[in-house]
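Before anything else, here is the set of structures, which you'll find just below.
Common to both upcoming complexes is chain A, partnered first by chain B, then by chain C.
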Partner chain A sequence: MFIKRQLAIVVMISMGFLALAGQFINSESLREFTDKDAPQWYMIIAGFTAFLGCLNLLQLHTTNVIRKQKNWQYSIFTLLGFLLMIFFGFIYNGSPADLGPHLKNEYSAFYWMYNYVYLPLSSTMFALLAFFVASASYRAFRIRNFEATLLLISGVLLMLGRVPIGALIPWWTVIVIYISILFALFASKIKNKKVFFFSYLGVNIFIIVLGFFLNWNINSPDFLSIPLIQEWIMAVPATAGSRAIMIGIALGVVAQSFRIITGRERSILGD
Partner chain B sequence: MINFLIKLGSIDRKIIFLLIALSVLIPLLYPNLIELPIKVDKNTEIVFNSISELKSGDKVLLSFAYGASTKPEVHPMAIALLKHLFAKDIKVFIVSLWPESPIMANQAIKEIVDTKLFNLTEGIDYALFDYKTGGFIVIKGIAENFREVYKQDHNGTLIEDLVIMNNVYSVSDFNFVFDFSAGVPGNAEWVQYACDPKKIPLSSGCTSIMVTDAIPYVESGQLRGILAGMPGAAEYEKMVYDFLVEELNTNSNLNNDSLLTKGKAFSRMSAQSVAHLLMVIFIILGNLSYYFSRKKN
Partner chain C sequence: MKRININKDFILFFGLPVFLILIYFINPSQLFVTGNETSFIAIFISCLTFEFFIRKAKSGENFYMRPIPAMQAMEEAVGRATEMGSSVLFVPGISGLDEIDTISGVIILGHVAGMVAEYEADLHVPCCVPIVMEAAKESCKEAYLKKGRPDLYNDSKIHYVTDDQFAYAAGVNGIMLREKPAAVFYQGKFYAESLLLAETGSSVGAIQIAGTGSSSQIPFFVTACDYVLIGEEFYAASAYLSGSPEMIGSIKGQDYVKLLCIIFIGLVVLLSFFNFVNITQLDISSFFKINIIN
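Let's look at the complex of A and B:
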């Protein structure tokens, strides 16, 4: 109990304070510890965690199969794949290279399994995202409220702006998109449908004709190019949002770290 | 017509899957069917110009942090960048931060060697270092003392015996760092623990999904441009291809009778374009259906 609880807390608190002190106290030995010793300890411990992870995976799925828990059949495949790769990694070589370097030798059985089984399977799993995104965008990207509309418009502009087809969309289409958004915002204010329709049509024709007079068909301004709009979305609103999230996360990390090194946060001990 | 649109709202998703599959498959099987001009993004141009500014003999550290699942997106940009670097006679050092990355790095180098475009010697023109566990700690270690982290290259040759390693002790000895990443550790860790504190120019090529997280570093100049997913890879491939075509007869680093191709991302862009367009059409149809069904109710 002492090793699991009190000692773990003492180690956690002292290491936390030591690492923190290395950043503020100008001491050679402290600096040596934070820059050299602690990172090396971390790398050694990280190596062992991989080993523990493998053991845990084996234990979990073996228990699943033995107790025939829910979806236990999938565990058989996990165990088979795991044991097969261990066999090709540690026992069977199949290439002229020594055991160890054979992992990167293209004639080894391990490399073959990686290149022709794992790699296509892994890419397929990632590629499946495209299908789910397509299906989800069809059902979820709906103009329900102002925020959803903003999300939809920026999503569509990003989707088109990032691919070559976006550059082929003519300037007048972008004008129609802008005017449609503007009219969508004021649609509830105009009760008469005929007035709405003709004013929408009229504004579209007027701006497009004006565009031809201003030679936008030869040299269109930046705000009518979908790839440039996409660049602007990424550079301004997306950056602002990302920075806000990053600052939030950083503050959260500071708060959580403070709780850990003062012994308040004990969930990392399994509480 | 209106009823048809309303019915579209509850269309079986298997039909959507089928249409998406066809929109990707047909352009992949027949790449010349739809040829679309590639417009180069501002950030891709910054990456290209930053690499172009490097001089012969400069040292560039490449960090490979991606695996099998993201290979189709990130690997083409690695190939294009390696071609660009070797054409400029730049010394390349490759470190792997993901367990699968050494295989990716090996495949990338093999692909470059197989083109017979350059006369490359391992240990002189490039060096590969194996995977080290620890993530950002490895990056921190490289920033402080490269030789503490890596004692030998991937062949087991001691670091002291590698010609390419002369005068290389930490990240400060590199002229540029380039990160290929698909997660953590990735470009954010290189900014935070190595390149920003040591003032070494850094750029990155990553998956599309990571771009939003990386873009604040690009806008602040901590990352010199970014190759954003498959489109970024295709744009960079195009720029490198045009550069190599120009250099082929004048650059002594290039073999004239070699195989010069644009690259895989370039040929995949038609498929991505059609798929994106199809998704936009789906979204428009979905909204029309939503509007009419709400009106009917």
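Let's look at the complex of A and C:
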């Protein structure tokens, strides 16, 4: 009980203070400990737990197969993959290289399995992300409220600004987009559809004609260039929002670390 | 007696900080690392603020905690899983215990495991890192024990899947599609697999509660999950769920440090404006640049 509770807490607190002191106290040995020794200790412990992980995997799936538990068929594939890679890694070589360096030899069975089975499967999972992004974007961009509308507008502008066609969009099209957004926001307030249509048309024509008089077709202002709008969205509102979150995260990390190294947060030890 | 306490507090919250900061600046015999003064002051003042509010909370002062929907929904999600006869899936992220996010995730897991034990539901925790699996097992075992239901704890439900990011995502997605859990928790450090997991969870109709310190993954979780613990909410979750006064005091302290940050930001903006209109020529922003990584 002493090892599980008190000793664990003492180690947790002392390590926390040592790591913090390493940033401020000018001691070579302390710096050496926090920068090199402590991470190495962690790696050694993590290395030992890798065996536990492998044992856990084998035990779980072997039990699944032996007891024919629900969906036990999938466990056969897991076990097969696991044992096959062990076989190619430790027993069968298949290349002129020695056992060990053969892992990086392109003629070895292990290398073949890695290149032609593991990598394509991993890439497939990564490629699936594109479809998930599409479905998630569709859900996020559905116009339900004012915030979702803002998200849709900035999303469309960003997408257009990031592709080459965005730079080719003329200034008067951007004006039409702006006016359309403005009228979409006030659409519910104007009941008469005729009034709405003609005022929309009138405002569009007026601003475009005004633009020609102001020589916007030769030298258009920045707010009418989609790539510049995209840059502004990324540099100003997006950065402001993400920095606010980053400040919150940093404060949260400091508070959580303080709770842990002062021994107040002991849930990690199951206390 | 009260006078002694006031003096003690005065020494701790005023005398000690002033003394230590002075010592740091005087730096006798090159005892301290030079160039880290701003970081030292910032961390020191933050820690003192937390300590001050923790002591206040311990002395019996009640603090108002604004309700956070994601935390309130945790019990609701576990209850839903119990009613539907489905399991609760907890995903602790793909990083090791050297990440504070993973530690926070495992701490939250302890609270969720307690709720699961209370409701007699099933808990499933697939892990990406073996050391996290061991910590998760320990945390859950203790939570079940604390709720008086060690008989419900199933060791095989907290298991290792793989170390590889996308293989782990495939494994967890497979579990979701086969078991159809009614509640899914994503609490920890996530990278590109966050959307793969959250979208699959959404497709099986699970109530999803996410929490991460990875700012780049928060938008994906916001899109695909029902509730998200954003930024510092994620780190405050364990304190909020524990309900203990000293933990809540630290959250209050955190809020005051945030207020201090807002004041400093306002000050920098104001001085920048004055510099712009040539009223002053003081570049205060350079003072706030963090120099801890050198």
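The rule is simple: the second predicted complex is superposed on the first by the 210 of 271 C-alpha atoms of A that agree within 3 Å, B and C clash if a C-alpha of one lies under 4 Å from a C-alpha of the other, contacts with A are read in each partner's own complex, and residues count from 1 in each chain.
The definition used in the following text is that contacts are C-beta pairs under 8 Å (C-beta built on N, C-alpha and C of every residue); 3 or more make two chains touch, one makes a residue touch a chain.
Only a predicted model underlies this, so the values are computations on that prediction, with no experimental measurement involved.
Of the two partner chains, chain B is the only one that A:Leu152 touches; chain C does not reach it. In the superposition on chain A, contact of A:Arg259 is made with chain C only, not with chain B.
Of the two partner chains placed around the shared chain by superposition, chain C is the only one that A:Ile25 touches, whereas chain B remains out of contact.
By the document's definition of touching, both partners, chain B and chain C, reach A:Ala46. In the superposed model, A:Pro164 lies in contact with chain B only, and not with chain C.
When both complexes are overlaid on chain A, the residue A:Arg139 reaches chain B and chain C alike. Once chain A of one complex is fitted onto chain A of the other, the partner contacts of A:Lys36 are limited to chain B, with no touch recorded for chain C.
Look at A:Met125: by the touch rule set out above, it reaches both chain B and chain C. Of the two partner chains placed by the overlay, only chain B lies in contact with A:Glu231; chain C stays clear of it. For the contact definition in use here, the residues of chain A common to its chain B contact set and its chain C contact set are 39, 42, 46, 50, 122, 125-126, 133, 135, 137, 139, 242, 246.
Interface residues of chain A, counted against chain B in their complex, comprise 35-36, 39, 42-43, 46-47, 50, 101, 103-104, 106, 111, 114-115, 118-119, 122-123, 125-127, 130-131, 133-135, 137-139, 141-143, 152, 155-156, 159-160, 162-168, 227, 231, 234-235, 238-239, 241-243, 246. Listed in rising order, the residues of chain B touching chain A in the complex are 11, 13, 16-17, 20-21, 24, 36-39, 41-42, 67-72, 100, 102-103, 106, 110, 132-135, 137-138, 140-141, 144-145, 148, 154-156, 208, 211-213, 215-216, 219, 228-229, 231, 269-270, 272-280, 282-283, 285-287, 290-291. The residues of chain C lying in touch with chain A in their complex are 24, 30-34, 36, 39-40, 43, 46-47, 50-51, 54, 96-98, 100, 103-104, 106-107, 110-111, 127, 129-131, 133-135, 138-139, 141-143, 156, 159-161, 163-164, 166-167, 169-170, 174, 178, 192, 195-196, 198-199, 213, 215, 218, 220, 223-224, 230-236, 238-239, 242, 246-247, 250-251, 253-254, 257-258, 261, 292.
Put simply, chain A touches chain C in their complex at residues 20, 23-26, 39, 42, 45-46, 49-54, 56-57, 60, 63, 71, 74, 121-122, 125-126, 128-129, 132-133, 135-137, 139-140, 242, 245-249, 251-260, 262, 264-265, 267-271.
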